[in-house]
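Below: one structure, written as structure tokens.
So that you can tell them apart, the chains are marked A, B, C and D in the order they are listed, and the count of residues begins at 1 in each.
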Amino acid sequence: MAVDLAQEPDVAELARRTAEFVRDHVIGVEVEHGGVVPSDDVRAHLQQAAKDAGVFAPHVSAEFGGHGLDMRGRAAVFEEAGYSLLGPLALNIAAPDEGNMHMLEAIATPAQKERYLRPLASGEVRSCFAMTEPAPGAGSDPAALTTRAERVDGGWRINGRKWFITGAEGAGFTICMARTSGEPGDAGGATMFLVEEDNPGLKVVRHIETLDESLYGGHIELEFDDCVVPDEAVLGEVDQGFRYAQVRLGPARMTHCMRWLGIARRAQDIAVARAAERRLFGSRLGDLGMVQQMIADNEIDIAASRGLILRACWELDRGEHASQSTSIAKTFCAEAIWRVVDRSIQICGSLGISGDLLLGRFLREVRPFRVYDGPSETHRWAIARRVLRRHEKNAR
Amino acid sequence: MAVDLAQEPDVAELARRTAEFVRDHVIGVEVEHGGVVPSDDVRAHLQQAAKDAGVFAPHVSAEFGGHGLDMRGRAAVFEEAGYSLLGPLALNIAAPDEGNMHMLEAIATPAQKERYLRPLASGEVRSCFAMTEPAPGAGSDPAALTTRAERVDGGWRINGRKWFITGAEGAGFTICMARTSGEPGDAGGATMFLVEEDNPGLKVVRHIETLDESLYGGHIELEFDDCVVPDEAVLGEVDQGFRYAQVRLGPARMTHCMRWLGIARRAQDIAVARAAERRLFGSRLGDLGMVQQMIADNEIDIAASRGLILRACWELDRGEHASQSTSIAKTFCAEAIWRVVDRSIQICGSLGISGDLLLGRFLREVRPFRVYDGPSETHRWAIARRVLRRHEKNAR
Amino acid sequence: MAVDLAQEPDVAELARRTAEFVRDHVIGVEVEHGGVVPSDDVRAHLQQAAKDAGVFAPHVSAEFGGHGLDMRGRAAVFEEAGYSLLGPLALNIAAPDEGNMHMLEAIATPAQKERYLRPLASGEVRSCFAMTEPAPGAGSDPAALTTRAERVDGGWRINGRKWFITGAEGAGFTICMARTSGEPGDAGGATMFLVEEDNPGLKVVRHIETLDESLYGGHIELEFDDCVVPDEAVLGEVDQGFRYAQVRLGPARMTHCMRWLGIARRAQDIAVARAAERRLFGSRLGDLGMVQQMIADNEIDIAASRGLILRACWELDRGEHASQSTSIAKTFCAEAIWRVVDRSIQICGSLGISGDLLLGRFLREVRPFRVYDGPSETHRWAIARRVLRRHEKNAR
Amino acid sequence: MAVDLAQEPDVAELARRTAEFVRDHVIGVEVEHGGVVPSDDVRAHLQQAAKDAGVFAPHVSAEFGGHGLDMRGRAAVFEEAGYSLLGPLALNIAAPDEGNMHMLEAIATPAQKERYLRPLASGEVRSCFAMTEPAPGAGSDPAALTTRAERVDGGWRINGRKWFITGAEGAGFTICMARTSGEPGDAGGATMFLVEEDNPGLKVVRHIETLDESLYGGHIELEFDDCVVPDEAVLGEVDQGFRYAQVRLGPARMTHCMRWLGIARRAQDIAVARAAERRLFGSRLGDLGMVQQMIADNEIDIAASRGLILRACWELDRGEHASQSTSIAKTFCAEAIWRVVDRSIQICGSLGISGDLLLGRFLREVRPFRVYDGPSETHRWAIARRVLRRHEKNAR
């Protein structure tokens, strides 16, 4: 039982077929629409194609129509799906649905699974995860949570404002994190609620314009205004919301990395193709030292990202919290992927910043990853704190 | 006569008034339109306001309605104008018009000045500079120029394709660089031609989508298709085009730096305002070490950029070619300004990537500066070559 | 058989015991002597202690007294040994002996193994590998090899000059790479020769002073002056030297990375201990954001290095050439380790540059790793070339 | 009175002669001794040569035998002196003597000037500045000062420990900073004392080994053990020590930058010479893109450093505190100079890390500059704080 980096044969095969599917069925649509899915029709068309190709919902258990991949398997398959901005949507593994499915499988009741997970896993509905709040609420510091749910007869009444809620436009349901005990600043006391689209207490305040535009359903500001939900809307146990958020966050962090790593590889491939064909100053672009340096640094960043993702996934699959390794992987990948896309643009010159290639679009899409799911600074702080605590423990 | 870094009093005063003008009359319009001037009306309105404020066309000689600033003076004033994406357009010092005015003043005949420079300097018409060609034509390597002008009776016939021609949409005239002798790859043999908007041989092929969108008149692909111009359309002397391009390029490189330095300062101010007000983890954002590091690095990058610009401008004002110092300043500034905007976004977190602030827009606008006017790699190559040549000369 | 990152239990146990041995028996000696082994006595003492602890020569097969670790196993154990500058010498896995043992096991004849490998594996003698030559000979470009071996009756006569030959002072034998066919610049035509210490044709020209000083036996300039060796001195086949050098270089690259990764971890531990105890501006040093950033970046660099090493080792153990993955790992690790040591110094402030801590010594020792075994630039060039070739192959 | 970057003619001439002097009289000695002055004889010989060449003590007023250069003038001349590690000692402008002369001229009484400044300015004696203390005393945070001076009859009794006191070995006198009121942590309450070499209360505890070795007189740990000094030993006014330290620190920060900038230029020249002559892979080293990139980045770093130094010097010469501009310049220069030396080594490959060139020595000498005179982190913190305060002031 030595160290082994080979994926299981069926995972490798699924990854190969996913790559093929993306190349044959997704990239054409992506290029046509400049990387942004324009309508539910296109979304439905892509998802049907993924079902036909047998690559749909690879992370969901067979019971709900998927392939039941563990985190290591996802690392292989999601990277291939992420090779196009539209690949994750096609496979139904885009954020935030993918993380929500992961969490629902882990903690929902059987009835909740039937009602929410099944249509979500099939692509029939979409969902969102309403956590982040405008200042001074929950942002980089989740404990600042201010949205509040109060006991009412047979259920709860939620009040509060959320923003940057990805995918909320048109989502069939929202998983809302609200404070059920304690005060803003307290570490615990949060509960997750399943809020349906037609709940009159749930209001879309506005669509927030952002640098990125490819996440389907946008980034939305929501208001929960005397939003009443029944007891069955509680996901998991009352006051355990932060603990469940961890269940969601560690893996979700990694699946973000996997998908964006696919885009990094794509950017590199576009740049390398350009470097192989373009001639400048009597040389092939790819024979100029500074271009070679950028190509090599891309390759290094991609390889290092992949190694860190795999390490964290292996730990997660062993049932570990993997807080340190997911923080490390997330921080490195978010910055490395950004560098890769940026260098790829530089290699392609003015073409790189034009719409003739998708690189400018990629740059816009990956920039926010250094901010969401914990800004790099927050992760670095957490990483250092754990190192110092480890030192203190050893020193005792 | 020791080293003195103080601007002349009247320049300092003009810079101060420009800053005031931008703050009071431009930023509101910029925010309203998300950083992109939507119409000629808005452009005309802004320019009129600049005229009223007495800050219009500061680089043009008094004869043509300006303040006659030398390069050092422009360094002070353009940076203030650049504090808003719309400031340069308001002052009529945006690319490419500003560089074209500079060149026309230097080399046009009196008749050409009346016909082209005067309306350009007053903002009545806009212009463009058609140099860059699709591969394998003139890009990073100007000598690859393939657009050709042949002698015809009483004039010239131009054929060729140009792209990424900034501001070409709606430009009253185009300064077109075409080969009048030699073959692609030859160092000389280019001539500049003044081609008017209504010339039937000048065709807009398409508007090229790019990451940046704030340069008025877009980035255009043009075709010169048997485009016949009279002898009076020759700007400067036949076959001296590359030499004139140098006249334009050195200063134009610096004015780009000045304007974008303004945006870097603006981004820093936005980030600092946010860091001063936002609280996180029980601290003010601006009291967290990693945020302080980003603020400090921004400050350092801005100061270093300013120093390099001033050095190059001083050399240019002394009549030196300043090839090395403008290459150094351009390379450093393009990268430093990019870093400043990127760090400012990071400081502001999710707000930084949203349209609620203009930082994402700034990021899109400054990215191309590392590519146009010579990609960083081309400048580094040129810088190193000059260093090596200097060494060889000294070694002899 | 899914991806598994757990080391085999006996490897994990050997790594654990190695860590213990280094902590209990090596670090004291290292600190006493400032990181540089002062004499053969100290070397012998350390090696005896390693034998007593059962951790000696872990990479050599049992037949020659070792533990027969494959590359993945070495990754775990060598990193622990490398936690002290003296650990590798104590375990007899220091460069260049370790790489020479690896190569001798792979290609020497049984007689050569008895004569050279056995005493080398037991620590009785040391060895060196004479490849690099002064300009214009073999450096970053091995094909430039100029040292020449000519056929003489019953053997070969070697003439040429080598420099930066690590460990040559006092080495019992030298493996000399010499050209037996072709001309400098040709890709093939090299042969390896085993030259014994007392060969009158082998002369130490000088001890080259270098920034690093901890590699035992120094960096030496050697002259082969009509150095005659018998036919039995040929290691492997005639004219196959470059191929064998690859056998040595890939793994040797990785074992360098492993050992230096140990020093990076050590530097981080020293810095973290300091950050945990030192107070500044009313805070613990480790609570200041910029210090936390350095600690976190160290942790990230260490984790990413380890992942890249493991990937390359796994490929090597599968019998692959692993040229790309060893180049990637070497380039990244050499730079990451350097950054870690540099940041650790910065965290410790003036103490960090003093002899009171060993960090300044570490900095001196790791700097050359970005140059030897192929400078980063050569590896980046090779990495990019392979990427471009892969693209061309796929494009066909 | 526009911006002017030309040095006054006599300053330019002195800089030219200094460069000539260093080339003709200093570099030979430097190379012979590996960059470290071995004895007072060599020091005396170098200083006599500087006197003969008319370039000695350029910063001291004519009254004390110098040229009376202001800070801008020093920027030009010190950079030339710094082109060799031994240049500053030869000109008597090495740390800490140079800063001490600056301060003595500014605040000493006429009698103190005669007794201390005159022999110091002539090179007859050396001096040191005893400020830094072991933790938890004054380090990055001067207010933590714990060395204490108590009133005794006719003078003061000093007790405390200082370390990293540069040049203390053999110094004729020490300027000791001690607390005369308040407690450690208080912002004020320090006084400067002139303590002579033969004072029985002043003891050298030990010579601290450091990465750098070229500052004459070493880095020393000192003990003030009931060290009694007369009232005339007070430098400036009682309790005003921190204010005077600022007088010394701002300019001293800049003169460090100037001298090390000279070394950066030297490193670049060594690397460029190598790049011009060495051939690799069929090209001249200097024609390889990655090498050109390093050469260009060196050139950019040097130019940017020079610009920042000049800005700070100009402000200092105008009588401003220049805290922000000296912090910016110091932080950037310390890191830029380090990068330049590091890249120069990389360009030269194995030769770069050998004693055959002095680059490894330079690397060791410049590394501490990122720590002393305020670590980069402390300066960044101070820079950011000033930016935030400026924002708050403007916001009001």
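Basically, a residue touches a chain if its C-beta (ideal position, glycine included) is under 8 Å from a C-beta of that chain, and two chains touch if they have at least 3 such contacts.
In UniProt terms the chains read A, B, C, D = Acyl-CoA dehydrogenase.
Please read all numbers here as calculations on a predicted model, not as lab measurements.
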Furthest chain, CA centroid comparison against chain A: D
More contacts between chains, A-C or A-B: A-C
Intercentroid distance (Cα basis), chain C paired with chain A, Å: 40
Gap in Å, rounded to a whole number, between the CA centres of chain D and chain A: 51
In chain C, residues with contacts to at least two other chains: 288-293, 377, 380-381
Contact set on chain C toward chain A in their complex: 1-8, 11, 70, 72-73, 268-269, 272-273, 275-276, 286, 289, 291-293, 295-297, 299-300, 303-304, 306-308, 310-311, 313-314, 317, 324-325, 328, 331-332, 377, 379-381, 383-385, 387-388, 391-392, 395
Contact set on chain C toward chain D in their complex: 34, 132, 135-136, 139-141, 163-164, 185, 208-212, 219, 278-282, 288, 290-291, 345-346, 349-350, 352-356, 360, 363-364, 367-368, 370-372, 375-377, 380-381
Touching residues (chain side chain A, partner chain D) in the complex: 288-293
